[in-house]
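The structure appears below as structure tokens.
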């Protein structure tokens, strides 16, 4: 099985970390392609970045061949429905995957994430996915995306504090609301004595599960293949004005 | 990996069929224990049966040892939260698993099930699970649980008709709302040209995914271990009035 | 008029207290049968217990004859829909009855209950009943079910504290979220100057109201009589494998 | 016990019919005062009429003394929250009472009412009351309020047709969405084989139940007594500019 | 363009202030008629007052001719749907207008209002309008309606405090939940560094926008013209028992 | 006042038509800039196109200076939250504007749009905007975006048919769910006797209303200015890798 795990930003370090996390999560026999778009922000922190990355990731996906599933590894980022339209292999957004696994392990879940400003788009992403009903809280650590992992002790401390607030709000299971947090997951879980879902891990395991069933994306409704038409300057990576 | 797949009723034939479906769905190296309670109805079709099977399944689960996950293989049946409280390994209800996989494959999902009377409890199960927001329709075939599979042609025809109504109501992906339908899944999918999620398959693959992550059920909130206390005549299977 | 008031656990003391509360609530001419199941936990505190009591209560209800209504006197416990299917006389769950009377007396209601762990199942019960929209808070006292009433002063104090939190969250009327609290209702109401609904009282009065209208449970939808079928080892109390 | 049952319009015939229905519903020993406002429309069919009747009924209620409860007998009409603020005895809106009893007797309820135009305000009333979650349908007969009861056969036929549509939409219990329909209730119930809740009957029985509990309206939140202030030309019935 | 801006209470001073605010908000060429009902409370603070003002405003509106739109300038007050039924020109409730403009300027909005008791009716008004989904908080200053503006410093301080609580609850834009606050809007906005929507200003600008489109109120559904019928003692201002 | 009205696709003809509609809607003294992105699809019909246009429109908006507001003239398209983050002038999405004006003119609104496949994204857009609660139906004409206006008679007929279905589902006011339909609005309104909101007109008039109030977008929450960071290959139109 071959799964493309797509970082939404253009930070090679984060793509590498996501790839490493994905490989650690994957079953034996699953090959992980860790990809990143050729353009866009080095980190996505807000709606503006999120919509840029959505297009940059779709641009990238027009070139992806011979994979059995795509994992979109940007937490709370846009674009998953576009990828489902473009592709017929299963597309798993790590936001959805993390929420789903959390729903199976606890009664209400909390999200602990980076900057306060991204809480709104995570909330919108869960509402749109139809998964918000049992979300108890979305709490921020006030760490920028790229700071996560630089000072592991401070990162863990910040996540434990945010997690404590989420538990007080009624959560009994947490999701790490960012790609690339795999390293701190266990520390936070141990400190708070609750299961902590790493989103990339959740995404890979859910994608493997879907591939195993042989099911592919519905093509009779909103996710039918894109109409053939002129898309000026698109795909951007080649700028040949190709139709796709 | 060892997964207990628990039929909720006492029909050996259905337990066998569920076990067969589960084994077909399982990854190499996953051992499937197909179990059924020692008491309760031969089929569950309604709230009364559902609550009997919930207790009978919990009774059974007090005896289950050395499994890595439990799949509760009764579609729309009660009891999953009790199993989560009793056990710390992941517990996956096939109702949830099917809805989750459907959410990843389509924009809105429909359920096609057996008798009209069970639509209410399926609806309640999805609402309680926090997964109802993108459910477009729950449609019944008017086939009793045990009739499914007896006359394959008639079963397929009935499911295609119910599925057609669900698609007209806005679904673009379907779930088979019953355990033991594995055989007819492909026919219905082919006839309607949409992905059709088999619930047992979804349950097994989601359980494998969870086991792979190493996560276990939260024990700090509503799913904390049952208090130690006297439970008269319980477990029922041994009637020793044991405490558990 | 003859009303069966069914304690869900096997504590005789609590059944007696529930019966006493029910008789105090009943109109002249209403006969109260205070019943308890023959098996199951001595107190229900969590999902596991709740599903056991649901079956034990249904088991009991297969033997109940000649009553005009059934009041299910377990707050937040499962099984009411099964009882509605089994019987045609009105079935009133005290959870619903308390919430309904609270809705008529205040703008938003709060629940004050026993252990924190049961808040999840009370929430689910209200959501399933379609009565959660105006619930402002579910607050716990951290008193186990059987401790309630043992130390009246401490019980009252704990409920006043929990009630204060519920009012701060926007409630202007409270429900005691447990059977057998009748004694402390007035003290809490006096301390907080708000109406406090005792759930058993609410259940009995609502059952009387329904019996007075002559209406009985719908038998055309999900609450149609259970299908005739083999239910192995059921009813449990007699274990004759009878059909019902 | 003394209950004021308040018709919202100024049709003496309807007030008489409502009073008759209320007396038939009341327990022995309950005295029914059938009242109507001194001004306002002869029938309420729409938002404009509804807001006029809300004020006219509140105007009337400033003069009501020595009652144990008030039943507001206009289905889907406004004003109940104002009455709760003005009074401390329980105030039961028949819209709420009917929906509540229906929720106890079926899994989802339908409303059958008079003109199509009033469906919107009935819907709003149920949403505001927090009781809409299990409402399957609100269906109109196209009969004006005052035509109901004039031609009993046609009325029954029209309600059976509307009820059939509500059942097809998923209801398994119906409410008559108008005061003064008591006479046709049994015919509709017999024709469709479902329980049919008469709203006035529901209102009286729920008011009796509340009075029996001794509870009164919350005075600490939105239903605190009206502030003392100048209300020009109010109450209208006396036009003395009194303060109340 | 001629817009009637209707204060719901009978305080001339407040009507004058509302008129002044409306004129400041209006485009050149828009004529503002600042109106108030001939009867009813001098200020509306609660459900009882609100329903009185609803009828008094509708009474007034039966006499209003030759306007292009009506702005109902009572925040959280009842009656807008009745005005829409009576009139065909656009009717804009300042509660709706403020919420709508806030939705366009921020991700979630908060309301800061006068007395705690009115929070319930503001909440109900937003729910009924279908605008509550992104309301983060409704916070009260504990200032009575007529105190607002008397001591500007204290008023500003109180609103800044309430606004701070709303921002902490997740709002990033505020609405002043009362007519007649125009003067303090800028001070609060400056202190908290967020946009603060003045409801009267929002109402006037939205009414102008609607008039500019040429659209008028729907007359095919719940807002069809009132039926012609006897309305005893109505309109109240003339008490001629006229039909309208 | 100067308003940029941004077509989301790269069809010059549609940009011209949108500009014409916007100018017809604008007040005297409002200057309309009709813009389109320099890259992307010639029409947006689905999630894939929608996410491409979101980035292309944001790319364009990095170059827009000296406007008082931005109207995003793609119905149901993505990107509005990104534009709100990038800019501080008000940003009005025509989807929101149309729904808001419809809410003020009717009790429940319907959307009539182009291809069935776009219904999902329109639904998601309304849910995310917090405006879905009173949406009765989203109906498609099965006309591609660019076909609209080519054969006016057929277009009108198709919209009348879709509108008829929306009214049957409970709507009493309609929105044209596409930019560039201005020409057919009156015909559809006349045929169905309901107000029909043209989305571009609504967007322009709402933007003018907001500009008139002097309010600007909140910068303290999710719409705070984008962080300064490297965005590789962005903006795309100049590909200088600039920071913005």
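Order as written gives the chain letters A, B, C, D, E and F; numbering starts at 1 within each chain.
Throughout what follows, a contact is a pair of C-beta atoms (placed from the backbone, for glycine too) under 8 Å apart; a residue touches a chain by one contact, two chains touch by 3 or more.
For reference, the UniProt names are A, B, C, D, E, F = Aspartate/glutamate racemase family protein.
The structure displayed is predicted, hence computed values, not measured ones.
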item: Most widely separated chain from subunit F, with each centre as the mean of CA atoms; value: C
item: Duplicate of the A-B contact set - from A-F, C-D or B-C, the pair where over half of the pairs recur; value: C-D
item: Centre-to-centre distance between subunit D and subunit A (centres being mean Cα positions), rounded to whole Å; value: 51
item: Centre-to-centre distance between subunit F and subunit B (centres being mean Cα positions), rounded to whole Å; value: 43
item: Whole-Å separation of chain centres (CA-atom averages), subunit E against subunit F; value: 28
item: Two or more partner chains touched - positions in subunit A; value: 81, 107-108, 120, 221-223
item: Subunit D residues touching subunit C - in the complex, by the definition given at the top; value: 25, 27, 81, 90-92, 96, 100-101, 103-108, 129-134, 167, 170-173, 192-195, 197-198, 201-202, 205-206, 208-210, 212-213, 215-223
item: Subunit A-facing residues of subunit F, complex; value: 10, 38-43, 45-52, 54-56, 58, 78-79, 81-82, 84-86, 116-121, 124, 127-128, 144, 221-224, 226-227, 229-234, 236
